[in-house]
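Presented below are the structures under discussion, each in the form of structure tokens.
In what follows, chain A forms one complex with chain B and a second complex with chain C.
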Partner chain A sequence: MIDSSQGDTAPLRASSLVKGRFQMTWSTVKRALFVFAALLLAVPAAAQETPVKGGTAIVILGSDPEHLNVGISTSYPTAAVGANIYSGLVRSRADGRPEGDLASSWTVSDDNLTYTFTLRQANFHDGTPVTSADVVYSMLQIEAPNHGRFKTAYDQIASIEAPDAQTVVITLKAPYAPLLSLLTVFDAPVLPKHVFEGTDPLTNPANDAPIGSGPFKFANWVRGERVEIVRNDDYFLEEALLDKIIFRIVPQDVARSTAIEVGEADLLWGFYMPPADLPRLESDPNVNTWTGITIPALYFVFINTNTPGLDDARVRQAIMYAVDREQVVDQAQGGLGQAGSGPFGGGFAYAYDESTDFRTRYPYDPEKAKALLAEAGVSGLQLRFVYDSARGAFAAAGDIMRDQLRQVGIDLVLQPAERAVMVDRVYSGDYDLTMQSFTSGGDPTIGYHRIYRSAAPGTPFVNATGYSNPDIDAWLDQAGGLADQDARAEYYGKINEVLANDVPVMVMFDELASEASSGNLRGMRTLLDQRDGLEFLWFAPR
Partner chain B sequence: MAAEGGGNGLALYALRRAVNAVPLILGVVIVNFVLIALAPGDPVMSLIGEYPAPPEYVERVRQDFGLDKSIPERLWLYLVNVAQGDLGFSFANRQPVLDLLLQRLGRTLILMLSTVVVASTIGLFLGVIAARKPGSLTDRGATGFALIGYAVPEFWLGQILILVFAVLLGWLPAGGFRSVRIEYTGLAAALDMFKHMLLPMAALSFRYMAITTRLTRASLLEVMSAQYIVAARGRGLSENTILWRHALRAAALPVVTVIGYNFGFIVAGSALVETVFGWPGIGRLMYDSIYTRDYPVLLGILLFVSVTVIIVNLITDAFYAVLDPRVRY
Partner chain C sequence: METAAAPTVGRSNTAAAWRRFRRSSSGVFGLIVVALLLLTAVLAPVLAPYDPHSTSRAAFAPPLAPGHFLGTDNLGRDVLSQVIWGSRVSLMVGLAAAATATLIGVLVGALAGYLGGWFDELLMRITEFFQVIPRFVLALIVVAFFGSGLVNLILVIGLLSWPQTARLVRSQYLSHKTLPYVDAGRALGMRKFRIMFLQILPNAMGPVLVVASLDVAQAILLEASLGFFGLGDPNLTSWGGMLNTAQTFIRRAWWMSVFPGFGITLAVLGFNLFGDGLTEAYDPRMAPR
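And now, the complex of A and B:
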């Protein structure tokens, strides 16, 4: 048996971004200097501060949550509120390390197949104790059938059992490295069995007025305007510092940065941040800003290998040479990214391979692109670039790509489409190039394997390139099943080698997360997901 | 009809119009339903979220929301439900559509009504002073202003107003319909809401103010050359009396028509303005629902808009009788 406190899942960090050889752009230098200066200023100040209890923080959401049940949905705003009302078995610290949430400890069997969790003494907000029966019920009856991400974990699970009231045993079919990162409140929240039993979980009234066991209790929801949560004084871990959090719904992106600027809100996450406004917020003395990596997110371009011309790997390589991805980061993403380093980005050290780094393998070289196109005998290629019109970064990247591809004789036709239409078109194969962004939680298995694994046409949010390679599929499965990171790195190395040559996907950049907050708000990003751990927030006295 | 006169005739007329409205509304509902159903984009994908859901799960969600049935089948079910006062269940909000609409109706109505009142009053006033001395400086000022108002899009104006009055001057809140940090009660709450309403109302009013100004001016100029005005002048009435008491009344008919007609456009404009200002009304619900392909909510809103336009037209027609004694129902 391996004790959990030894941390058999090592920190999943973005170390390779720094480790890998990469050209620093001026904006990265400026940002680095800025961060350095901020550290010099912030460290002594922070050292004197002790957390203060009380107060209300206003956190911005870009759209109304559909409901607040994290167990039946992967929606961003739903989880933003729900993660602070519910608890999971484990939670991830900001450095990616898993620690007990409802579970006080866990053990893993030597064959990596059996995980045994011991629960803490905890109560739901209605006073009922949390037991292993609630955990098993939530996972089997609510999350396995209804939660997209938990379902992928559940496919690897043989059984979930409750031998006694404080113990949960999860047995896997085969070793599965990302299990722990899929047992957090975002994927497997523990819901009260007594509230959900015998009802349809999709329409249970508790979805709109949730009863959890987390640091905050649900208080009030005015649809379209706000959701309010208040401190849970009966919380099983350290109590929240703030009295109350108000999630304010601000649908228009410019209005969000304005709300922070004029002091009508206290916290704005990168997911809802208009990148163009970040420099303005950075220069505002009343606002604190931060950029960095939290949960890896990859922006990439699917290349439809069923399009005549694009079926030739040399043409896809030509596109890699023809597009200056550094420029896309600087201009389309306001510098908030690192140009793509490989099929799995730079967020996971063991899945990154310096020898196949796309930045050195495919530098910006239009002449080489032309030569490759000539070699493939392709000329006068006209390609449709289909993208979600609501995503400003996609549109800007499209403009840059059109100019750059024109220089090598490829005519890119921009076809913005409303999101619902874009999803229909892309995943039915009605496109030539399309830009997408996927996130991958604490493991590349969760979000990135699907970009390269063979997929049936018509399934949304998987590999839509038509590229199918049985070797890659097998290696992905093997890399996903291993817990040992060196062993995983070996498989990822093979995968990177093949994909660097075949390039069914042009990896554009790893997104840098950002944040803007009131000058005296503290305690952000204690946990891995920016939305999680709002119980650590507090206001420094002005 | 013409000979009867009096309130009785008007009531009968209103009843007849209401009965006539039924097939009209039915037509509107059917056209809307078919248009939305034929539009590309699958609501199930928005419901599931950005994750590769297995096909059997997608199929289950489709069945849960009745989206697996054919369009004629769904249309028939919808019509039967609407006839019973059931507007359906929102996919995205997991709430009955009627509840959603009622929660938001008040906020949109207060914004729309104040916009109509403000835009019409100021527009009428500007139109009159412009028509008083055609070609004068005031005329050119008012027409110039109207021309700009005509051309400026609401969402752009809204952002500029926020920039000036909320960010630079700090006089008014940047968005929302009430303060979030402090909770007011009673009169203070009303005042707080009024402060939040000023900017969206201004953004929404501008265009309709411009339309009313131009129309009032044109209509007045036409009336001012009519024989009875010449006669009034001949009888020695002051120019102000002629303008405000005689000419305006006659000139108001087309203006009232357009004010009523604009009502529908104000609802459309509110979708943009409510989004810019984070005003949680029907307009924003419409915007969100289009994005998530929430058919029942969209249909409910369109139904609400068409019924409103029909009612407003009825009120407009009734107004004719008040304004022009020659009109009788």
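And now, the complex of A and C:
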């Protein structure tokens, strides 16, 4: 069929963990054993349970969404609420397999250039039917200009057309493997054309009171406190089991885990989980916890190659040797991660190379770092480490890096900044080292290519290191256009080789996702993204 | 009423104040605490067994663990060394901010009180403006915008803490400027500023010192609060910053919060008691007989 490349990625990811290709830390192993044991215990019980309807679940968000329009933003809380109000053409099951969402089926031409989608009979929450015109309008007028990730996909698209009310045809410029994973509600939600037409999508009032076609309808939003969504009784797929979901905004780390413990909330995602609290939640009999890989997220340290001193690859290599990334994982990330293995992480088998694995290539070796610095003739280097002040793990990583870089004679000055200020500084090049986290959906093309491809400074969330290599650019383009994974692996192999030597980016760790939920909540993670598919949630009777 | 001879500041007066101070046991206790803290801060590099930034694999070691008297934190840093180094930031911010506040307060208060008239009105409205600003909230905003370097912290706290001193100094000047010794000075042809700062100021300093010592305590508390909210300078070890890290681990590692918390309590208590002693020393009506 059409989507072998898509379906493959997730199983490969999962098996890569089991085969021990990662050097697991003991805490990771313990956690894995715990999860395994929990599974053994939980499966027979779960098998006897039949989903029941009704009830209200409280889901924790760490910050108030800016608005609820997933079509113009990749913001985490916006998508958490919006993904359950809107629908995409396709959705990804937990194993990464795409299936129809608004599209009942699709076909792909033999040359892999033309995708034809057939839509289901569906209605928006205001009763208007969803047609192909809505799909085309959303993608062309709203998402292509405004959505960070869809923009990337749109560069590969030649045309999006609606030959009739139930059909959408997307034609590519060249074969592009990750297309389907970019047509989910997170990247290309279908918005109502009749609400947005003739308005500025960035300021449309519907962004704060969205009208979608998803399993839940928007009900109420008390700014800074909670967002409420209720079941859509006119949904075209499995009707939601819960009557209502309340997203409670809890900005304090400690208050979030406590809310789960005392039963004030039902679901806490890893994105908002204080890693330090996970062991405590794991030992709480009234709380269910889970750790594993969903959407691979990578934590990077960008090295500004325009900073005098850091323009020398030997100095960047010295930084790689000087930082004990295992310690950062264990202490700053509470063990919820695996020390970085390569430019694209360990999540995509075809983009990973054992021969250039950062962990074997750059073990913790301060002496080697000193030697490289001496060889480069660099001494007394003082570097600014810029990071988002709201991310505790970044601050802790900074504390560790400051100590370890000092051992080799580099003075690191921590400069936390409010997120908007941080983004502005980093992506205009006003930093020396910075820590950032990126996700890449179901394909490295989506999130990680932009980090390494040459780019002019000034655009947020693309190459901020000033590193520019025409070979890398060409190979990235070739690797991104191919559907065949063996062929892609060849290009990624070349890229890994060069980047492992040039190291414009220190890959700190692959994040392990986690989750905590109240003991009787069921149906989590039916779909790939934890935030998606809340219609499958239900409460087991106590 | 005010026919008494001009109070003069001389050895006998200071000596009398010291005698009264010594009689206040809480004041003496405060002085000892303050002195010990100052000593700790000055000798931090000698006293601390480790560099406070030095991390290790031995995280969460409890107090009395070998080599770590007060245990280690989440990154394996020695808590005792951090508490010792933390006293530096607290005292430096406390003292410098209180000095800034006192300087501004004395200047504004003296000008307003002595010159009077519309100038007094204007300065007092400004003072009231600063007095009604919620200090902590404004400090949060300023630090969030301009960064949290040590100098920034000192300036923010200092610039927000002077109104009380200003009002006090103004009232002192209002009563002193009608006293005979001031008239005498004026009759001798002294310039305004000489009278203000060389004649009246020394006589008005007693209560100002009391307020200043309380300002130090307030400033230490404010600095710790900013640090607790994650707005301290991450490049300096401070008690507030330690508490900020510790809150995540409060159930797992109580020692991470208890010891810096103890440091803050001790410093604030010390300066408050010291201030009490000063009150008794400079205001004989309150002194125990």
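Everything below uses one rule, namely that the second predicted complex is superposed on the first by the 520 of 542 C-alpha atoms of A that agree within 3 Å, B and C clash if a C-alpha of one lies under 4 Å from a C-alpha of the other, contacts with A are read in each partner's own complex, and residues count from 1 in each chain.
To be clear about the criterion, a contact is a pair of C-beta atoms (placed from the backbone, for glycine too) under 8 Å apart; a residue touches a chain by one contact, two chains touch by 3 or more.
These numbers come from a predicted model, not from an experiment.
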Partner chain in contact with A:Pro457 - chain B first, chain C second, else both or neither: neither
Contacts of A:Ser75 with chain B and chain C, given as first, second, both or neither: first
Chain B versus chain C as contact partner of A:Val254, first or second or both or neither: both
Which superposed partner A:Gln331 touches (first chain B, second chain C, both, neither): second
Touching partner for A:Pro308 - first (chain B), second (chain C), both, neither: neither
First, second, both or neither for A:Glu264, with chain B first and chain C second: first
Chain B versus chain C as contact partner of A:Asp277, first or second or both or neither: second
Which superposed partner A:Gly148 touches (first chain B, second chain C, both, neither): first
Touching partner for A:Glu418 - first (chain B), second (chain C), both, neither: both
Chain C-contacting residues of chain A that also contact chain B: 254, 418
Of chain B, residues touching chain A in the complex: 40-43, 45-46, 48-55, 57, 64, 92-95, 100, 103-104, 159, 162-163, 166-167, 170, 173-177, 180-181, 275-278, 280-281, 284-285, 287-288, 291, 293
Contact footprint of chain B on chain A as seen in their complex: 56, 58, 63-64, 66-67, 73-75, 145, 148-149, 151, 202-203, 207-208, 222-226, 246, 248-252, 254-255, 258-259, 261-262, 264-265, 390, 418-421, 423-424, 438, 450, 455, 459-462
Touching residues (chain side chain A, partner chain C) in the complex: 253-254, 274, 276-277, 279-280, 327, 330-332, 389, 392, 395-396, 398-400, 402-404, 406, 413-418
Residues on chain C engaged by chain A in the complex (per definition of touch): 53-55, 57, 59, 74-77, 144, 147, 230, 234-235, 245, 247-252
